[in-house]
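Heads up, there are several structures right after this.
The following pair of complexes shares a single chain, chain A, combined with chain B in the former and chain C in the latter.
Take a look at the complex of A and B:
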């Protein structure tokens, strides 16, 4: 076996300086043709292309505007009773008519909307927050702790959801926003916890996280720049779909008489009260029902759009 | 395989035990009790007798123990507090079949219709069936059951007297309540089926099947359907529980003598025994349907069978929480 030459610097046999001339670089070839777009810019761009989703967003903005300013625009307070105006028809003063006790229905519908939307949005965020932390912890520790935590989730989600709500509202002996929120969030977070956990576990085993680890990226940096951005889309979509389901549940409970109590009101409570006089005063049912339907529509359309827009696999 | 099934069944009983015990403790810790109104004007000794009769003078854990003992030895759920002398299971045997019938009709019709609409929509994407499916799905997600019930009652019973407004009797009394209960499952299953089918028909094995010349019907039946059934089966368990819960409103609006009506009444009058008994039934239904879903996986999906054989499968499967 011959000795391998190791004198790389002085051994220039067969090499000439001409071989090391720059032959020229085609600077136009590798130029980036499109401007750099971040994930969120790209998602927004794709969201805007989806006409139905944009319609949902606009609808939601209008509804939120009305919910905030509606009670102020009305000529009477939502609590002000006036028996003389009982079932006042729709006119310039009572834009949506008046209810049995002569309360301005326009003000009541939007006041009820405040309660419904607050419950929906706050509830969804609480569920998402708790679910993310729980799912994150479970997937971070893994092994026995993970399977124990997931067993708890399974048992919690085996309890009929309606029952928890009914029992809790009786147990706390208070019917109102706070009780409804606690009751609905108590088991509501399990879905998101599962979602976050399974997503985190898949991501941790993915090749680019492995690559990042090999390159010596710090764990915190991996979490913030790989794990969270890849999960946040799913979480946002889940929140968007949870809001209408919470509004629905609230309406359902208020309809059964377990939710918001008079004089405070919500869309579900309004529908419930209107049901008895539906044959004679259908508009009392129509307005709150329409509001529920429009809110559902807005969130569903937006959720569909966001799901498509935030899915990184669909990015081109 | 047998070991897995046995483990799965034991797990079901464990969950049932925990949930029912928790409910028992929860309902008993609600402030106020069912006898307050009855015994208000009675002398002290009679009052004490009353409480002793229902075992309410005992510590909570003793009551819980007695409840399980009574159930396991005699199969009884206890005596109703509001209807002295009547046992909780009598109510269940009498009224549960009505609720279950309604729920099952609603579910079967809803799931079948929803799946058909969904498949049709996915196979004709961006054509009329697709738009129709999307429209129905949106309608179903946007309209609360109680609004639909009110509308349906108004048009079909008040304006045109085609159907009875409320009550319970022959087949004609089923039509409107079942109609109201189908809308939500139709919407849900249509949406899921559509996205599921779209996922599958873009897979390579469908392309392979097409390129080797399989007829279209066979591709849909053997390749598309089998693979889309998984997510649908997963959703069935919460749907069963949801329909039973959802029937509360329908039952009360159509004055149907089902469990839902009694459940709300029992809760409002603090009839502990009845609440615990009905919750027992609902939880059992739900947990049992979860078991059935898990066993169905074994039948449908060969991958699950493999997992079970290699002992890699957890005892309980993940069910999406769709309310």
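Take a look at the complex of A and C:
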């Protein structure tokens, strides 16, 4: 086994140095011509390619525009009662008709949208904020602290939020945005805490974090420069999926009478009020229900698009 | 070899990991070797034999279960804060997977200058930029690349960025953990040639971990052969490849693909039977005894020690007694 096999080097029969010439190296060819794009630009480029996601985004922009300016555009205030106009049909004066107390339904739908979207968005952000910190701490310390913190998460996520809402509204003696938000956030952050924890644990074992450790980068700097930026995409996607579920929860609770109270309103509260007269005035149910459906659709489509755009593995 | 300065002295290094059911994985089980300044120390062996663990334990990624690592005459266990900083400045690593070793959210410039922010705090922004461009040119990339992101580069380019990141802080020792395994053959040659060129220019010491036997032969000065967490043979390139004495090394080398179908050594190829045993319950005695074609009863009870078969060439086998 000792022989070094070099016979092929000398096997040059029929070859002569004249047959070869140096072609040289063109150093200019190695320059990169494609304009460079950052991570977020790349994500935006891929998001734009997804037609459904762009549709979701446009739908959302329209809905938000209407929610902000709808009550101003209406000819009557959403609180202004006028018994004479009770169940006024749809016409040029009352674009969506009027409700039992003669309030302008167009103004009420968009006013209710404000409450629904505010609850959805702030709720999702609060959940994300708490969940990130909690999941981050659990994964950072690991071991016993991690398993203890995760047991708490399991207990909390096993409590039905309906129960929490009822208990809270009794305890705080108030039904409104604040109670709803507290109740939904109390149990809602657990999902994102789990997600952040598992993502951080995966990232911590990645080669680039190991490389940073070997370079002597401090743990806190690793968290801020590697772990958080690499989790943020996941969190954004989770927020967009969380918003519609919170809007739906709010609608559901208001429908049951546990949510927003009159004269303030939300889409769920409007649906709830409309169900008693559904047979005669179906449009009173139709408009808020359509808004809920469209908002949820918009957020879900956009979330889907964002997930694909922000996932580096989807890159083509 | 004697006149060379010892950089690393590893004595009876053991690295055990806890496994399910209270068992332990003996990833590295009593390994001793020296690494001399300026050499390339190759480590070969099958997958799962503990090559990577040795490299990582050497750099302090894992805390060794037992044994000593002596770096420039000082035990790494006795390191204080300053020693640790100088150790991390001088000892770096190149990773196997070029796709996984770069943060997808960071520009190449940020990645390469990551270490500069730790070890060269006094540098101005311009000096850092200049340094980044300098290391990029070391690895054959232009400064255009500094503003790019990992996903915009090819596998070979990413691997070169990984090398540039390690080089930026001017280390003296680099653990190359299978740096070519994830690359295709033409890029492998590029990267290996780059590594040898840099070694000549910058006077680096390498620990080159690989299962590519031909590549290790090409690049290494001395070679360690590992099997199931233990060293079976250690020596300089010529003696290991020229006349391997351990049955495992012989079997391993006879598996190197041979381009000449009429070559004589094809006739006496050693075919190993069976699979590599699990490091959770490694065989007693010689770890290779379950697959060794020459195993005797003694091999099953008594673990052979590493002994010198000729100057600078060590092997662990009972057959060498006779």
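As a working rule, the second predicted complex is superposed on the first by the 287 of 316 C-alpha atoms of A that agree within 3 Å, B and C clash if a C-alpha of one lies under 4 Å from a C-alpha of the other, contacts with A are read in each partner's own complex, and residues count from 1 in each chain.
The criterion applied here is as follows: contacts are C-beta pairs under 8 Å (C-beta built on N, C-alpha and C of every residue); 3 or more make two chains touch, one makes a residue touch a chain.
All values derive from a computational prediction rather than experimental measurement.
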{"item": "Which of chain B and chain C A:142 touches, first, second, both or neither", "value": "neither"}
{"item": "Dominant contact partner of chain A by residue count, chain C or chain B", "value": "B"}
{"item": "Chain B versus chain C as contact partner of A:285, first or second or both or neither", "value": "first"}
{"item": "Which of chain B and chain C A:198 touches, first, second, both or neither", "value": "first"}
{"item": "Touching partner for A:89 - first (chain B), second (chain C), both, neither", "value": "neither"}
{"item": "First, second, both or neither for A:219, with chain B first and chain C second", "value": "neither"}
{"item": "Overlap of chain C and chain B interfaces on chain A (superposed complexes)", "value": "none"}
{"item": "Chain A partner contacts - residues on chain C that touch it in the complex", "value": "59, 61, 84-85, 88-89, 91-93, 95-97, 100-107, 111, 114-115, 117-119, 141-142, 144-145, 147-149, 151-152, 162, 165, 169, 242-244, 250, 253-254, 258-260, 263, 265"}
{"item": "Touch list for chain A against partner chain B, complex", "value": "147, 150-151, 154-155, 157-163, 166-168, 170-171, 173, 188, 190-191, 194, 198, 244-245, 248-249, 251-252, 255-256, 268, 271-272, 275, 278-279, 282, 285, 289, 292-294, 296-297, 300-301"}
{"item": "Contact set on chain A toward chain C in their complex", "value": "1-3, 5, 7-8, 30-32, 34, 36-39, 42, 206-208, 210-218, 225-226, 229-230, 312, 315"}
{"item": "Parts of chain B lying in touch with chain A, wherever the complex brings them together", "value": "15, 18-19, 22-23, 26-27, 29-32, 138, 141-144, 146-147, 150, 153-154, 158, 241, 244-245, 248-249, 252-253, 264, 267, 279, 282-283, 286-287, 290, 314, 316, 318-323"}
